[in-house]
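Below are structures written as structure tokens.
Here chain A shows up in two complexes: once beside chain B, once beside chain C.
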Partner chain A sequence: MPQTAKNENIEKGNMQKQPSENVKNTEKKQKRNYPFFAIENPIEENRIPVFIKTMEAVLKDDKYRLLLDLYLNTCASCNSCADQCHLYQTTHEEKDLPAYRSNMLRAVYRKYFTTSGKLLGGFVGAKALKEDDIDNMIESFYRCTMCRRCAVECPMGVDNALITRIGRCVIGELNLAPKNFTVSSYQQLYGVGNTSSIPKEAFIDTLDFLQDEIKDMTGHSVEFPRDKVGAEYLFIAPVSDYIMEADTLMGTAMTLQAAGADWTIGTGYYDAINYGLFYSDTVTADALNKLLAEAYRLKVKKILIGECGHATKTAKLFVDVFGKHQFPIQNVMEYTAEAIKKGRVKLNPEVNQETVTYHDPCNLGRGLGIYEPPRNIVKAAVKHFVELQPNREKNYCCGGGGGSVTVPDMYNFRMNLAGIKKVEQIKASGAKYLAAPCANCKKQLKELVEYHKLPVTVVGVHDLLIRALLM
Partner chain B sequence: MAKVNLGGVEIEIDEDGFIQDPNVWNEKVAEALASTEDVPNMTEEHWKVVKYLREYYLKYNIAPMIRKMCKDTQVDLKHMYELFPSGPAKGACKIAGLPKPTGCV
Partner chain C sequence: MNVASFLIGIVLPYIAVALFLVSIGIRINRWATSPHPLKWSLYPMPADYTGQIKFMLKEILSFRALLHNNRKLWAGSWLFHIGMALIILWFITFVLGLHAGIVLRAGLAFLIVFPLYLFFVRLASTKMRTISSPLEYFNLLIFIAIGILGILLLSFNKPDPTAVRQYFISLILLHPAAPPESSIFLSMLAITEFFMIYFPNSRMLHMISKYFTYHKISWESH
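Let's look at the complex of A and B:
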């Protein structure tokens, strides 16, 4: 077809111009602008060849090859994902359509990696990659909170959040990731040893403080055991809890002691967070292996992850893929629900009279199917429980998922766009307390409550147990 | 990294206004930083929190747990937000000359 051939030539022409444009940019030492968020040391040259080479490697990777071939070849453009996306439902902007976003990657895939795309170009949705496309991908891939609500309803079974992740990993090779991811991951892997940069002495001081605080609040002597070799469980929380979430940690330690758990904290490594899930397989593997190495050092039998969705999902899903050691991995929701069911933990719900609702963190719910254990805990600990509507696999993201909650530049986006559906849900519930077992969700929800002046208090699930536990 | 004049001294700050070298901090710098954090007047209570944070940081190289900060300074969380509208982890730490928190804080 002449028209297509012409388009092809234009596209080819652009491709051929690219290197000389790059040279010109280098000569002028012209810096690119990254308006969406601060980026540390972005790669400015040869972005297109690096992008395509990285994508080629991803497509050959055993973990992704089959899924990507399926997802990138399969989209009926029916836009049923549009009805599911909390962001698109708020903005109604094309760039927030899950299918539109995925098409940015799909067009490159078709152009460079399929015979039909190479031959027929735009006629089959293939498009040569341009510099502007890469810049547009930064914003689009990071506006998606990777909540996977669209994946639940896609009639073709496409998981757009996985495509977002692959897209982020590919542009991540150009160092195009939020500065807070790269700075925090650097601290975790090569610096202080955790994403919040808490030195060991400060960490131990905090554990001592928490023990004293439980004693002051409840009169109970509860220990945060440290470096106990051979314990059944290594307990590891998202490290930011040791700055932000005293109640969650105290409630968890009290529950574990009440249940008679044989557990320990490792002072060699104490951060379950893994930002690799949001932008890099290398970081995913390295952070996970630091966690597994600590479990190996302490000769524990299992790893118990605190109130954190992405940390739990990353560990559970990637331990077989990247793990240098193998350990069974549990989330503390599963542990506590089981302890209540077996009668090892007894609760008095009379002490929690206010209405409580529950937010399903995407990575625990849609990510891992952990819907009922947290509900069973909350229902046993409080007198009045109401569901958010919708809930479970249809629950809305808090609006801070995909790591966006840690990116300071995205605050207004989270408050005014990504979090709006959540605000509506919370308002409609009429609850006085909103329980969310995820550090990421809690930070976003607390900020939403403050920003929108909602009459609700955000807590962790184990926070509710501090007073309800019969010890 | 941008340089700005804080309390009469040229100081390097990051994109969120946190000073890069905690050693250049002094009370004049704190007052200048406070004006960027919706804290027009540093009252005695503000100084109590800021100096406590500073001391903890010099000992442990990190800010304390927020609960510990509230307990040790006898300022409850609600009042902490009244004193420092952008919150204890951001506003108060910035004024005390601590580096920007990393991770999920």
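Let's look at the complex of A and C:
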């Protein structure tokens, strides 16, 4: 990314260059310290003009003009969002007030893009952008997990999480995004082809391994079909599941086979993850289009996304915003719940006697309204189900949302601050199993359970079906 | 009729009303015709049109979101808005020929007490102070000023109601007569005119912008 204010449009490149390219530029100068997380090749100079230029581009962008115009002008500063925020409820720090965070962007907007702000300055909340402000924004925009619990109860209908996303996109144009996002996305888009850098051969080995594993565990022969041209469904999971969530994948494959689904996995592209949702429209569009291209290559009818909240939301909401091909998008929760309802899949809940509770991932719940299908699956698969309190649209974030779960530097933050409300909720439920159909949530919840020594096992929803399925 | 009376009583009412309507029209038009934004739906959302109407009525009449989550603010802001409604109600009935003085007095009292309450709630809470610009306080002060002037007018310098009514009717019929001779009445008229010009360009327009935050963003399903 050139270090000039060349950002005419937010959609244009904020993809990281390979590490070597910028090394010469940055080594000579005093390096800025980014304490909250590691950043690769941040823009060190002219940050303020680039920021303002980018903001100008965002305000001209059809996708954002109305949002910002409404959100930045409508907030009545009532602070209702603070009472909804799992993070503020834990830290009680100014920088974690949702409205305070949004005001960081609002101050810039008022100062540079409104007449009243230019004339009246601080009186109307306008403030000239300073270097420190940008650093504070990095931290504040990434402390927000974008869970949108505050949006549900905003008396003005303002969604501070969307302001967070726009803020992240703007600072993303200055290459100020966590290294883990940018490096993984680089691998996904220009390198190995997925965010976990799993080569195709290793991926195919894993599919074989999972088939064998199902055979060993259950005695059933279940296939992970590959590259079946013309199948009804292209199934795609977050690629990290192939490393960390074997049970979820096995349960899903067994369910699909039991339901008689005509499905396939694409070995050309097999990663549903889209970190773009968290920091960049360019990445969002490029990763989504790789997925759509694979569906197009395999001539499938629909895309079925595995247990992953953000991937499902990105694909469902943005397919007609950024997509070069159009496909109906379904989440596997919807598929399986329907299969159970229609009687194509039969379950025996007697095998799962322990109490199970369910965590609503924010992107599936508040983002897409998929509240009931996963509950129907869990209830059909287990003997004792309890709700977390509160639940559904009032459920608390796992504490690793907004992609923060992938940022190792934020581990302590996630364990000791962002995840605390969740820990209290899990403890109060008394459940032995906590089911969450989201790779992001599962990783955070597993880490929370281990760190806080909670007597709970975190599973995916389809993990519960491995034993319950009547095949 | 002196210059102030002429400007505030005869010229500015029309300018204020015109700017009020035109500015609101411009804002509505801008929001209504804006291209479809990035999809960012929020669930649960009303399933159909009837559901939307129900939600809106509940929200408009009871301030549902505040009521459920922020009782302290709800009490102040709900009664504050009731005060505004009372003033509007009084004005309409007054022009029509009713003299509901009690409605006016209640409305004015509400416009003093509850904005003042909100003012101090905001000032007293550290976390609300952090997110407030002086503008938030200023907006409340406008209402308090209108309320105080109104009470002063009724208590110390009460113009003949018939003359006031005749004056309003003359304005409505586009045949403006001289306003009643009272400096408090003129001050009140002036501040109301300022308010009408300022209102559409302030965040107080949330009565309209709120419609769009729901209908064009949160309730746009995928």
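The rule we apply is simple: the second predicted complex is superposed on the first by the 443 of 471 C-alpha atoms of A that agree within 3 Å, B and C clash if a C-alpha of one lies under 4 Å from a C-alpha of the other, contacts with A are read in each partner's own complex, and residues count from 1 in each chain.
Just so we're on the same page, contacts are C-beta pairs under 8 Å (C-beta built on N, C-alpha and C of every residue); 3 or more make two chains touch, one makes a residue touch a chain.
Keep in mind that this is a model prediction, so the values were computed, not measured.
*Asks:* Answer with clash or fit: chain B and chain C placed together on chain A by superposition.
*Replies:* fit
*Asks:* Once the structures are superposed on A, label A:S429 by its partner contacts, choosing first (chain B), second (chain C), both or neither.
*Replies:* Once the two structures are laid over each other on A, A:S429 reaches no partner at all.
*Asks:* Go through the superposed model and pick first if A:C78 touches only chain B, second if only chain C, both, or neither.
*Replies:* In the superposition, A:C78 touches chain C alone.
*Asks:* Using the touch definition from the top, say if A:N352 reaches chain B (first), chain C (second), both or neither.
*Replies:* Neither partner.
*Asks:* When the two structures are laid over each other on chain A, which of chain B and chain C touches more residues of chain A?
*Replies:* Higher number of touched chain A residues: C.
*Asks:* What is the contact status of A:T91 with respect to chain B (first) and chain C (second): first, second, both, or neither?
*Replies:* After superposing on A, A:T91 lies clear of both chain B and chain C.
*Asks:* Just chain B (first), just chain C (second), both, or neither: which does A:V405 touch?
*Replies:* Touch status of A:V405: first partner only.
*Asks:* With the two structures laid over each other on chain A, which partner does A:L368 touch: chain B (first), chain C (second), both, or neither?
*Replies:* It touches chain C, and chain B stays clear.
*Asks:* Which partner chains sit in contact with A:G125 here, chain B, chain C, both or neither? Use first/second/both/neither.
*Replies:* The answer is second: A:G125 touches chain C but not chain B.
*Asks:* Looking at the superposed set of three chains, what is the minimum CA distance between chain B and chain C in Å?
*Replies:* 24
*Asks:* So in the complex, the part of chain A that touches chain C is made up of which residues?
*Replies:* Counting only chain A, the residues touching chain C are 62-67, 69-71, 73-80, 82-84, 94, 97, 99-100, 103, 116, 122-125, 148, 151-159, 162, 316-318, 321, 365-369, 371, 392-393.
*Asks:* Mind listing the chain B positions that touch chain A in their complex?
*Replies:* 15-16, 60-68, 71, 81, 89, 101-105
*Asks:* Spell out the residues on chain A that touch chain B in their complex, using ranges where they run on.
*Replies:* Per the touch definition, chain A meets chain B at residues 38, 179-180, 183-184, 187-188, 194-199, 201-202, 205-206, 209-210, 213, 238-240, 242-244, 246-247, 271, 273, 405-406, 408-409, 439-440, 443, 450.
*Asks:* Note which residues of chain C are touching chain A in the complex, please.
*Replies:* Residues in contact with chain A: 30-31, 34-45, 59, 63, 65-66, 68-70, 73, 77, 122, 125, 127-128, 130-136, 138, 201, 203, 205-206, 209-210, 212-214, 216-218, 221-222.
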